[in-house]
Amino acid sequence: MKLPDKTTTIEAAIARIKDGDSVMVGGFGVPGTPMTLIRALVDHGARDLTLIKNDANEPDMGIDHLLQSGQVTRLITTHLGLNAHAIALMNAGKLDVEFNAQGILAERIRAGGAGLGAVLSDIGIGTELAQGKQVVDLAGKPHLVETALRADVALIHAERADTFGNLAYTGTAQNFNPLMAMAADCVIAEVETLLPLGALTAGEVQTVGVFVDHVAELETLSEEYAVVQR
Amino acid sequence: MKLPDKTTTIEAAIARIKDGDSVMVGGFGVPGTPMTLIRALVDHGARDLTLIKNDANEPDMGIDHLLQSGQVTRLITTHLGLNAHAIALMNAGKLDVEFNAQGILAERIRAGGAGLGAVLSDIGIGTELAQGKQVVDLAGKPHLVETALRADVALIHAERADTFGNLAYTGTAQNFNPLMAMAADCVIAEVETLLPLGALTAGEVQTVGVFVDHVAELETLSEEYAVVQR
Amino acid sequence: MSSAKDRMIARAAREIAPGMVVNLGIGLPTKVVDHLPAGFPVCLHTENGLTGIGPTLPPERADRNLIDAGGAYVSTVPGSAFFDSATSFAMVRSGRLDLTMLGAFEVAANGDLANWKIPGKFSPGVGGGIELAQKARRVVVLSTHTDRAGNPKLKAECALPLTAHRCVARIFTDMAVIDITPQGFALREIAQGRTLHEVAQATGAPLILPDAPPPTF
Amino acid sequence: MSSAKDRMIARAAREIAPGMVVNLGIGLPTKVVDHLPAGFPVCLHTENGLTGIGPTLPPERADRNLIDAGGAYVSTVPGSAFFDSATSFAMVRSGRLDLTMLGAFEVAANGDLANWKIPGKFSPGVGGGIELAQKARRVVVLSTHTDRAGNPKLKAECALPLTAHRCVARIFTDMAVIDITPQGFALREIAQGRTLHEVAQATGAPLILPDAPPPTF
């Protein structure tokens, strides 16, 4: 037996995305944001997208390109504080934004990836974020039903991968990537280094290849991946 | 700043367990079962324990010692198939056994470790395992409320650790260990090799030391850890 | 000539398509792996935390920390990965398992499966069985056609506690390959040396027979 | 003499006891770390996936993959660990965070905190704030005593959307250290050069004053 090969190119992978798709995008700030897949999605041009991402990056970086190109209708996120452009679009009614508590967004995505229907949590009870949510009593205490989130596509950035799609991350670039890599029907990973089977040891794997559909090695790392000069 | 030191001895750690405690025990078969902590708990003698463990090991191995010594009142588990002694105790009414679907037990423990109240799942709907469980409708489909599980104490086996309690596992010895290591008020890890701070790299850590209260290095690995001769 | 059981296992191995992620249940199903061609592109999953299962090893070459869910000492292949039990069943429940092969006490004509409990006689717990049966994209059963007493395992309805409802797609037995269809059991292939009448007699519910003589295995 | 703000931060640093796991919010709280003694036994957590935060690095020495939740380029210490966002908030929600220090727009006399939204003016999203405020074992606030217009930030009730109810235990300002008690705000320490009257005037709810002159910082 031999593990199947899932390698492809950035363009071939992104070509699978359709108008109206929901797309999860890894990253928290620059680390872990799949900058090259995002650029390819801009070039691809699919519209009416729902993005699910922790933050909106900064102006002229990461998913801000998709916001600027008008491809995004809806954004499910936790914080837009570093992207005034995203906030302006939201305030102008041109971008529908759903805010989640950060750890709850993580759990909703993980629940989707784990084939669960929802998690029950007391986070945000009595705040704006509880509005409209189903409430379930557990041992007399109210809990919010935080429904599982899945997407049509997940765009993932990893440091290393093998040809089966086993992934390993570095530093704080994990963030939402391992969770989103479980939670989409089509999981696409861009990777800095693609290794032959066996070069990533069984103990090093952080996202199991079973969850990953397509792996594409990056030819270069653009300036967007670099340390931000502020 | 320096990360706090949590090293102790097996006996000092086990001395914290009291009569009536709930105790999670890692392991699936031999791999990952904290054989030495279990033996110390037999010597310690705490009674009326609720154990939470995937399986009951095999006769004269692992938690079977605690069953034989009469210290266990209740066992929350998934499968006893390899331990006829455990099944006999259950059938004789001397051991209260609660069976869970394996992945649901894993999620219930993880939910406890993640500070969630429950997960909603459709696993086991229409089977015996659904009996007595609260049902919640999600988009018209019934889901079972699988409540979070926490314990007073978790007994963990890891291959390597540092003095802060960061843990790394090997092979199929992870199983329930990383989950239980999140889900108890007092988490005790026995480790094959204790390393100084920094010897386990930040990327190698599989259970973050923040979850772990006490780490004890094993002086020897008893025969119970060895390959089972059948 | 090989036994009907061996040929059943070899036939079941052909159910595995290139690129699949597959979980083989304890017992007969684990033997299926011996019938896959060398270099066949497949990923074998075991629920205790390993993808990419390599050959089973004798005790003297075994790694004490590397077993499958049945307790057999297994090995890795290039590209194997280790993970915890939550991640393992996340794969199963979220639909990443293309196929599982399970044993059975009873299979009903509507695909209901009972394979974990015989009240009063055998109740070791369900382990990972419910999730595999309920959530793998395709569930097939490997089983002798009848129990040791000669009673049919394929029945109109299951009498034993269910593992999962309407989950089984196909059954490989030592007598036949049988599909679950909206109309009930349908014979697709027959073991060498068996007659259609024999198979129908050993089946505890109506068996739809093909118009033409079925392929043999 | 150092500024009252600097002394507030230095005073807040003494709130950190040996062995604690601590999350320092964006802004003033992150500066607390500079006032911890070398070798002090503490574990700093940042919600984007790092325990064991080391010194902040200038761009030329920064690792592009190593930031804190505020986007500052940080470093590791021996024993640091990296993890994903679900694990990070599992720590927070399950009570493994001994202390968090947060900024505030408003704090109410019952401990209610508002620090994420000013309707119509500022609504970038709550990020990890709700979970930190609701679930850290101890929540303290670091804030100027009044806003830029001189209005009190400590109030009888919060007017802004809440981050969490009854979560704040203590407030460090440039004027005083104030505890939330069942009876409301209670002054514990006062900044050098300030009078009790000044602090009470700048506080938007009754302030319980000590019988004896309070310690200064």
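In this document, chain identifiers A, B, C and D correspond to the written order of the chains, with residue numbering beginning at 1 in each.
Following the convention adopted for this analysis, contacts are C-beta pairs under 8 Å (C-beta built on N, C-alpha and C of every residue); 3 or more make two chains touch, one makes a residue touch a chain.
Computed from a prediction, not measured in an experiment: that's the story for all the values here.
A.B. asks: For chain B, which other chain has the most distant CA centre?
C.D. replies: D
A.B. asks: Where the CA atoms of chain B average out and where those of chain C average out, how many Å apart are those spots?
C.D. replies: Spacing between the chain centres: roughly 30 Å.
A.B. asks: Chain B to chain D: how many Å between their CA centres?
C.D. replies: One centre to the other, that is 36 Å.
A.B. asks: Please report how many Å separate the Cα centroid of chain C from that of chain D, as a whole number.
C.D. replies: Roughly 57 Å, centre to centre.
A.B. asks: Would you please write down the residue numbers of chain C that are in contact with two or more other chains?
C.D. replies: As it turns out, chain C has residues touching two or more other chains at 50, 82-83, 86, 89-90, 92-93, 135.
A.B. asks: Mind pulling the residue numbers of chain A that touch at least two other chains?
C.D. replies: Only 107, 110, 114-116, 121-122, 169-171, 202-203 qualify.
A.B. asks: All pairs of touching chains, please: list them by chain label.
C.D. replies: A-B, A-C, A-D, B-C, B-D
A.B. asks: Would you tell me which residues of chain D are touching chain B in their complex?
C.D. replies: 18-19, 21, 33, 36, 38-45, 50-52, 54, 76-83, 86-87, 89-96, 135
A.B. asks: Taking the complex as given, what residues does chain A use to touch chain B?
C.D. replies: Contact set of chain A toward chain B: 107, 111, 114-122, 134, 136, 138, 141, 143, 145, 147, 168-171, 202-203.
A.B. asks: Give the list of chain A residues in touch with chain D in this complex.
C.D. replies: 28-32, 54, 77-82, 87, 97, 99, 101-107, 109-110, 121-124, 126-129, 159, 169-179, 225-230
A.B. asks: Quick check on the complex: what are the chain D residues that touch chain A?
C.D. replies: Contacts found on chain D: 46-50, 59, 62-69, 71, 73, 82-86, 88-90, 92-93, 117, 123-131, 134-135, 161-165.
A.B. asks: Quick check: in the complex, which residue numbers of chain B touch chain D?
C.D. replies: 1-5, 110, 112-116, 162-164, 166, 182-183, 196-198, 200, 202-203, 205, 208-211
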